[in-house]
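We just call them A, B, C, D, E and F in the order they show up, numbering each chain from 1.
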Amino acid sequence: MPKLTHFNTAGEAHMVDVGGKPSTTRTAVAEGYIAMLPETLRLIMAGGHKKGDVLGIARIAGIMGAKRTADLIPLCHPIPITHVDLALEPQPEASRIRCQTTVQTVGQTGVEMEALTATQVALLTIYDMCKAVDRGMSIESVRLLEKIGGKSGHWQRDAGEARSSTR
Amino acid sequence: MPKLTHFNTAGEAHMVDVGGKPSTTRTAVAEGYIAMLPETLRLIMAGGHKKGDVLGIARIAGIMGAKRTADLIPLCHPIPITHVDLALEPQPEASRIRCQTTVQTVGQTGVEMEALTATQVALLTIYDMCKAVDRGMSIESVRLLEKIGGKSGHWQRDAGEARSSTR
Amino acid sequence: MPKLTHFNTAGEAHMVDVGGKPSTTRTAVAEGYIAMLPETLRLIMAGGHKKGDVLGIARIAGIMGAKRTADLIPLCHPIPITHVDLALEPQPEASRIRCQTTVQTVGQTGVEMEALTATQVALLTIYDMCKAVDRGMSIESVRLLEKIGGKSGHWQRDAGEARSSTR
Amino acid sequence: MPKLTHFNTAGEAHMVDVGGKPSTTRTAVAEGYIAMLPETLRLIMAGGHKKGDVLGIARIAGIMGAKRTADLIPLCHPIPITHVDLALEPQPEASRIRCQTTVQTVGQTGVEMEALTATQVALLTIYDMCKAVDRGMSIESVRLLEKIGGKSGHWQRDAGEARSSTR
Amino acid sequence: MPKLTHFNTAGEAHMVDVGGKPSTTRTAVAEGYIAMLPETLRLIMAGGHKKGDVLGIARIAGIMGAKRTADLIPLCHPIPITHVDLALEPQPEASRIRCQTTVQTVGQTGVEMEALTATQVALLTIYDMCKAVDRGMSIESVRLLEKIGGKSGHWQRDAGEARSSTR
Amino acid sequence: MPKLTHFNTAGEAHMVDVGGKPSTTRTAVAEGYIAMLPETLRLIMAGGHKKGDVLGIARIAGIMGAKRTADLIPLCHPIPITHVDLALEPQPEASRIRCQTTVQTVGQTGVEMEALTATQVALLTIYDMCKAVDRGMSIESVRLLEKIGGKSGHWQRDAGEARSSTR
C-alpha cells in the first residue's frame, strides 16, 4: 500500500526533507476553467478590447498567487520560481474561460502546487470581478496537465481522461 | 446591459467604494470537490482515524486561507472575519471529497470571496498531501451556494442547477 | 516645540493609541511621478492600446500595495480600507507618468500612508516593467495632496508649493 | 524598437524566464530623498541622540521592505537576498534626508527592485513618523545609482545627470 | 468538564463565531524574558547608548509582529489593533531582559494573542541579533499578565504565581 | 570584546553579507515548553484521540511559522528551507507540553531562527486554543539545542545547563 510522504512513521505531519535531492530544472503545467452565463463571458470579452480588462487583472493575480504558494499550503517548500506564464482563453462555445499556467524553477522540488495555486487565484479573481452580475459561476477541473523534471520524471495527463472530465 | 462594477467609467480597475454601505451581518456558503482515485480516498480516510490526518490539515489551511483573501484577490476589500467553519466530507460513492465553507462577518461588504478562497486552499492542500500517490486528482465545482445579508439580500443556488453541475 | 507622537515620553517607539477616536469617514489623496526617456513613455503608451498594458498592471499593484501598508510601515495601524482609486496619466510634454491615488476608510485613523504606499508601489511597478530599456527612470514628488476627516480636519497642499516642487 | 520583456509576443504579461541564466553575484545601489521643513529635520536629528530614533526605525523598515519586494511587485522574481545595507544621511543644507541602499544576492536575476523598494519603504516610514508635524514632506529622486553583475554588466548613473536631477 | 471552544461538536476546528459579541475596548498585557550571559547583556546595554540599538530594533519587530498575529495563529480572528506599547527592560541582577507588551483594540474579541506574539517576536529578535556571541540564550515565562474587557471581564495573574514562576 | 555582527562600524543595523559563504547543509534543533494546569493537559491529550486535535494544529502552525521567519525577524536572511519536523510531547509529570523542532536547509546561513520561530508559533497556538479554559499557561525555555553546519561548526547545548534551566 502506498504511503503519504507528508507524514512520518508516527503519522505526524512534517515538511518532507528534500535537502539531498539534486537541484534541477522543473516544470509544471496546470489548467482550470470557470463556467459562466453567456452574457457574462460577452462582458469579459468586450472588456479585453478597450475597457475593464478582467483577464489582464486575473493574469497578474495568478502570477502573484504563484509566489504565495508556500504561505498558503502548509507543507509546501518555499521555492525561488524562475518563470510563470498564465494564459486565459475564452471558450464561447462552452461559455467558460480556460486558464493554463506553466511554472518553472531550478530547485530541489517540483512546482505543481505553484501552477495549481496560480490557476486557482486567477479563476477566483475572475469570479470576484464578475460576481455582481453572475453569482452562479463555477470553477471546474483545476488539475495538473504535465510535470517535467525531478526523480519521478515526466508525467502527462492522459488525453482521454482530460477530455472526458471537462466535457 | 449590466456593468462590471470593478471598473470606473474610463474602464480602469478600482476598489469599489463601500464606505457608504451599512455595517451588517453577512454570511456566505461555498462548496467544492476534489475527485481522486478510490485508493487515494481510502488512504485519506484511514488517516483520519489514527495517522496522517490529511483532512484536519486541509481544514486549518482553508481557515487560514480565508484570512489571506484580500492579499490574493486584487480588488477584494480587507474584512475582519468573525467566523469560519469548513467541513470536509469523504464521498466514497463518487470517489471524491466535498468541502463546504461558511464565512461570516459584520461589515460593509460580503464574504463570498473568503468562502471560495478557503475552499480552494483546503482542496489544494489535499492535492499537495496526496500528489505523490495520485497526480491526476481534479478540483471541481468550486462555487457559491448561498449568500445572506447586504443590499442584494438572500441568494441561493438553484438546487437543480447545483445538482446538474456536479453529476 | 512640536513632538513626534510615535514616541512615548521615554523616547521609545509605540503604536499610537487611537482607540478613543471616533470612527469617521477619512479620505487621503496622494500623487507621484516617474520620469523617463521619451522613447520609454512611447513604448508604454503604445502598450495601452493593444499589447503590454504596463499602466493596467501598475494600477493593480498599487491597489494591492495599499492593502499591505500596515505590513510595511512599522507603526502604521491596520485599517479596513473601503475604497481605492488610482489614476495613471502619461504626460508626454514632461516625459513622465503621473500617479494620483485616492484612498478612503471609515475608521479611527487616517489613510495618508495607504495613499502614499499605493502610489509608490504603482510607480515601482512601472520601473520594474521598463527597466530593461531605461534604467535611469526616477521617481519624483511622491507626496500628500489632500486629507479629509479626523480631528485635524481638512488639509490641502498649497497649489503654489505643489507646482514649484514638480517643475 | 526595443521591447518590454515582461510581455510575451501576444502582449500578455508573464514572469520572465530566468532559469537558464547563471547564478552570479549581483549588486544594486539605489538612492532617494525626503524633503521636509527645517524644523522637522531638526526634530529627527535631535531624536537620533537620545530619544525617538526615527532614522533607526526607518532603516529597519527599509531592510524588511527589501524582503517583501516580490510580494509587492507583480512580475518580480523571488530572490534570496544575501546582504542589505541602508544609510540615512540628514542634509540640513537642503532640508532633506538622503537614503542610499545597497542590496546583494547570488542568483539568476538582479536586485534593483529590492534596492528601490527598500529605499521607498524607509522614506515612507520617515513620512509616517513625522506626518503629524509636517504633512507636506515630499519623496524625491528615488532611482538606481549602480548595478553590478548579470548579462547586462556594470551600469552606473551618469554623474552629471544625477547631480542635475537632485538639485 | 470544560470544553475547548475552538472545536465544534464533531471535534473539528473552526474559527469561533464572535459576530454576536459587542464591540468594546479590550486590553491585554503580556510579559516574557530572555536570559543570557552577563557579557551579552553588557553588550546590549552599551549599544543602547550610542551604537547597535538591539532593544530599539526588537521593539519595532514586536510591534510589527502584533500585526501579523492572525497570519500566524490558525484560529485567531483578524483584529484592527488600536494601540501597541512594548517595553524592554534590562535586569542585570538576573542577567536577562524583560519584555512587557500592552495591546488594545475596540472590537469583538480579545487581544491576548497579539500581546503574546509581539512579546515572542521581540525576544526572538534579541536572540537573532546576539546569537553570534551567545547561542545559549533562553526565552522564559512568556505569559499573560492582565486582560481587560469582553464577557470574561478583568483577569489578572496572581502576583504570587507570577513571582514564583520567574524566580 | 566581542562585537554584534548585525551592526556596521557606525553602529547601524544591516543585513549581514553572507554572499561569500559556501552553500552547505545546515541543521538547527530547538526546544520549548508550555506549562499549564493538569486539567488543561488532560483536555489536550483527550483531544488527540478523537476530537479537537490541538497538537496536530499546533504542529502545522509551527511548520508554517518556520516559513515566515524572515518576514518577522528584521535582519534574518530569507532561506529556502528544505525540511521541518516538529514534535510535541505531553509531559504529564511536569504538567506541560514539550516542543522540539528540527529545521534544515542547504544554504549560506543557518536556520536557528527558523527552528526557534516554529517552536514559538506552535506553543502560541496551543495557548490560543486552550486560553478559554486556562489563561495562566506559560511558555518556558525556548532555546537552541543543537546547530550543525556552517563556519562555526557543531554546537550543542550542555546537558547540565539544559537540565538546570528547565527544572
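In the analysis below, a residue touches a chain if its C-beta (ideal position, glycine included) is under 8 Å from a C-beta of that chain, and two chains touch if they have at least 3 such contacts.
Just so we're on the same page, UniProt names per chain: A, B, C, D, E, F = Cyclic pyranopterin monophosphate synthase.
Because the structure is predicted, anything quoted here is derived from the model rather than measured.
Colleague: On a CA-centroid basis, which chain has its centre farthest from chain B's?
Modeller: D
Colleague: Quick one: compare the interface residues of chain A with those of chain F and tell me same or different, with half as the dividing line.
Modeller: different
Colleague: If we define chain centres by averaging CA atoms, which chain lands farthest from chain A? Would you check?
Modeller: Most remote chain from chain A, centroid-wise, comes out as E.
Colleague: Measuring from the mean C-alpha position of chain C to the mean C-alpha position of chain D, what distance in angstrom results?
Modeller: The computed centroid separation for chain C versus chain D comes out at 16 Å.
Colleague: For chain A and chain E, let me know how many angstrom lie between their CA-based centres, rounded off.
Modeller: It comes to 38 Å between the two C-alpha centres.
Colleague: Measuring from the mean C-alpha position of chain A to the mean C-alpha position of chain C, what distance in angstrom results?
Modeller: 32
Colleague: For chain D, which residues are shared contacts with two or more other chains?
Modeller: 13, 53, 56-57, 60-61, 64, 68, 71, 74-75, 80
Colleague: Please categorise the chain-chain contact pattern as a line, ring, star, complete graph or other.
Modeller: Chain contacts: none of line, ring, star or complete; other.
Colleague: Go ahead and list every pair of chains that touch.
Modeller: A-B, A-C, A-D, A-F, B-C, B-E, B-F, C-D, C-E, D-E, D-F, E-F
Colleague: Provide the residue numbers of chain F that touch chain D in the complex, in ascending order.
Modeller: 8, 12-19, 70-71, 74-75, 77-80, 107-108
Colleague: In the complex formed with chain F, which residues of chain B make contact?
Modeller: Those residues of chain B that touch chain F are 53, 56-57, 60-61, 64.
Colleague: Flag every residue of chain D that touches chain F in the complex, lowest number first.
Modeller: Result: residues 25, 56, 59-60, 63-64, 66-68, 80-87, 104-106 of chain D touch chain F.
Colleague: Please name which positions on chain E make contact with chain F in the complex.
Modeller: 1-7, 10-11, 13, 32, 35, 39, 43, 47, 50-54, 57, 60-61, 64-65, 68, 71-76, 112-113, 116-117, 120-121, 124-125, 127-133, 135-144, 147, 155, 157-158, 161, 165
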